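We just call them A, B, C, D, E, F, G, H, I and J in the order they show up, numbering each chain from 1.
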Amino acid sequence: MLYHVRMDVLIPTDMDTDKVNELKATEKALSQKLQEQGKWRHIWRIAGQYSNFSIFDVESNEELHDIMMSLPLYPYMKVEVTPLLRHPSSVRSDDS
Amino acid sequence: MLYHVRMDVLIPTDMDTDKVNELKATEKALSQKLQEQGKWRHIWRIAGQYSNFSIFDVESNEELHDIMMSLPLYPYMKVEVTPLLRHPSSVRSDDS
Amino acid sequence: MLYHVRMDVLIPTDMDTDKVNELKATEKALSQKLQEQGKWRHIWRIAGQYSNFSIFDVESNEELHDIMMSLPLYPYMKVEVTPLLRHPSSVRSDDS
Amino acid sequence: MLYHVRMDVLIPTDMDTDKVNELKATEKALSQKLQEQGKWRHIWRIAGQYSNFSIFDVESNEELHDIMMSLPLYPYMKVEVTPLLRHPSSVRSDDS
Amino acid sequence: MLYHVRMDVLIPTDMDTDKVNELKATEKALSQKLQEQGKWRHIWRIAGQYSNFSIFDVESNEELHDIMMSLPLYPYMKVEVTPLLRHPSSVRSDDS
Amino acid sequence: MLYHVRMDVLIPTDMDTDKVNELKATEKALSQKLQEQGKWRHIWRIAGQYSNFSIFDVESNEELHDIMMSLPLYPYMKVEVTPLLRHPSSVRSDDS
Amino acid sequence: MLYHVRMDVLIPTDMDTDKVNELKATEKALSQKLQEQGKWRHIWRIAGQYSNFSIFDVESNEELHDIMMSLPLYPYMKVEVTPLLRHPSSVRSDDS
Amino acid sequence: MLYHVRMDVLIPTDMDTDKVNELKATEKALSQKLQEQGKWRHIWRIAGQYSNFSIFDVESNEELHDIMMSLPLYPYMKVEVTPLLRHPSSVRSDDS
Amino acid sequence: MLYHVRMDVLIPTDMDTDKVNELKATEKALSQKLQEQGKWRHIWRIAGQYSNFSIFDVESNEELHDIMMSLPLYPYMKVEVTPLLRHPSSVRSDDS
Amino acid sequence: MLYHVRMDVLIPTDMDTDKVNELKATEKALSQKLQEQGKWRHIWRIAGQYSNFSIFDVESNEELHDIMMSLPLYPYMKVEVTPLLRHPSSVRSDDS
């Protein structure tokens, strides 16, 4: 099942640089693992913003929630979730 | 170059049914042609809304604009465009 | 899977009374059928508004969308969908 | 009498972990006691958010207010209250 | 039980004058009957607006809703309801 | 002359408890003195919020402003002022 | 007593030209009479908008309301009223 | 040339009292000098707010900007600028 | 003196095509005359919208207002004006 | 390719003056280098604000993003990006 998520990351400007780097590295590793599993189908950077639009393909609202809560940067994010479905005009065979 | 577009379609409730159906059919045909050309990369329906999130992959701002203006339903749409780029955490080879 | 939906109904003040009554009767019948099937779990009126908060329990985003689109009053509604899940503090056995 | 309440919890990122855990545990215990008393009829997690939609069934505006003020996490919440009533299309015998 | 209601009345500029006058007269008569019954405790005009702030004292959310729906001008109103209670600093004996 | 004022009080969560209690006690004493003088005609708590709706009956915009500025909790308030007048449908003899 | 009023005039594009001109002429004549009486102290056009910022100096909220309601263009205006008072830094002798 | 400026002053509640008083005194002195020069034509307090509406009469956008930047309280202000012009209904000879 | 103007054009979908074309042609001719005079310094289309961002270089707020009011499409525009000035980091000799 | 960017700079009022000055000097130097390269085509100050409207002329969304991220003041900015294109009414030969 597909979900559209916008994440705006707001790291405090006074956070310790090492901690910021570690958070970002852990976030990236987890994001890539989830992409390889096919759960995090797409991630795009929004031009000029420290933000992304992502598409998730998961079993349920619960799984989406659990993934979001597991993200190391979640406490510094503003998150907006929109449930999606296949569009009747889509030509893709896999709804993605 | 990638763009994220949200389209909210607001067809007047008193429009002639035949005209509505014709507009929708022409819109669908054009959308599918553009998808097959690789310019309209993704289109998803937003659950509960007569709206979609789409990803376009075009040469320039100009080409995106020309495509939007060519859509038969454009006069009945509220449109929001966001320029995108490859995310540093993306594992895809084609940036899509 | 659970969804929270707010529906604000805005019937034009100049619509023919018979048509309004027929729309409302058909809407009510469909709503009650879906409630009896367990798909439309709750519906509450918002005090002072021609609006409701509803809880749906359906298989997927697709099923929610199809139900919304089948409502006779949908063309006159403003709809807001929020995906839900069981709360860790809930004492209910059925997540509802 | 029924009320719909949305609670968005915003715990400061620098709060002591022990204090956070204690607040959450006390909140959960109180929530469950109120659920068992039938006053806090429903609580659902909003997907991707540290927020909930809840339904309260209490005697009066005063009782709702007193319950909200007694919540250990109240000082960290943004709260939105909407008074509800039985919907004419509801098939439930208990208005809940 | 007390409720604060803001009503913004938006009568279409092309409505027939006789119908407008009749609606206003019926609205006024009903408002005054409800005031005399003690249910519509206060009504104030907002300076420069065709709007009012009102205080209702009724048995329940249901009674408030039924009153609002019975107002002849309701179809032309934007309504905002806020549940109230006695303030701990109030010196009034009757909570009004 | 009548004014409607909404006050949302936002005391910082880290303020010293003694200072908070002293501020609240002084605020309450002043509020009650002004109520007894007939200048602060009504004060109601908004359910679920640390906020109130109040009605003031004062000589002028200046007097309203001076009262607001004299409130001990003013530095922690978001304030919204709306000038009022007697409503033509009011049955009260004293415009209150 | 001073009030700041913003008026945004929204005349329907299909209104009869003669009616528009008559409304504007009557509005202007009344505005100038009120300016000469000292009640409508200032009126400024907002650059690029069919809108104005005005300052009124009247006896009460009631008088301000009656003036606004008497304006021929009132049914086509969006109006925002803000009560004012002499600023402690003002050097003017007449508070205007 | 005329400009309408709204200034909302937000001095942090923990600023040193002496510093606050000094800032306010310097601000007032500068404001009065500019009023005497005819550049700051009007300043009014907004009832119930630590805010003002002001009218400036300066040579250019540049001069307005330089004045705003020179205000001691500018770092603590939210500022909104609107360019104005003489209104065709104004009876004043000096456009002010 | 420089101004930034955003214009969103909203031509009713039921306007006669000939009238639309004539309005657009007259608008274009006037825009180009003003560009050649150096008063309308820049005009850019916003991608995906029937809107533009423009820069005007005129003598005063009055001249800007008169130009805006002279535009044939003005009655169908939502307009937002922002006064500008040379930026201290600009390397241009002509402030444009 | 052209982009319109609004930047609102919000430097914390308690930042060390030397650090502020250094940040501003580095920002200015980089801005001027980019202007001389033709990538940062225009920059205007917004009157009364510590903000600018800028026009960028770059190869792609990616290049725009990289420039924004390289700005020393970026961590203190609110940024809004709008993709632009040549307007059909423009008389300029270089689309700028």
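Rule of thumb we're sticking to: a residue touches a chain if its C-beta (ideal position, glycine included) is under 8 Å from a C-beta of that chain, and two chains touch if they have at least 3 such contacts.
Predicted model only: the values in this text are computed from it and were never measured.
The chain pair E-F and the chain pair B-C differ in C-beta contact count, and the higher one is E-F.
One simple way to say how far apart two chains are is to compare their mean CA positions; for chain F and chain J this gives 45 Å.
For the pair chain A and chain G, the distance between mean C-alpha positions equals 51 Å.
In this assembly, the C-alpha centroid of chain A lies 47 Å from the C-alpha centroid of chain E. The centroid of the Cα atoms in chain D and the matching centroid in chain E are 29 Å apart. In chain J, the positions touching at least two other chains are 2-3, 45, 47-48, 61-62, 64-65, 81, 83-86.
Pairs of chains meeting the touch criterion are A-B, A-C, A-D, A-J, B-C, B-I, B-J, C-D, C-E, D-E, D-F, E-F, E-G, F-G, F-H, G-H, G-I, H-I, H-J, I-J. Listed in rising order, the residues of chain G touching chain I in the complex are 13, 45, 47-49. Interface residues of chain I facing chain H in the complex, by the touch rule stated above, are 1-3, 60-62, 64-65, 81, 83-86. On the chain H side of its complex with chain J, the touching residues are 3, 5, 12, 61-62, 64-65, 68, 75-76, 79-81. Within the complex, the chain I residues that touch chain J are 2, 4, 27-28, 31-32, 35-36, 42-48, 52-53, 55, 82-92, 96.
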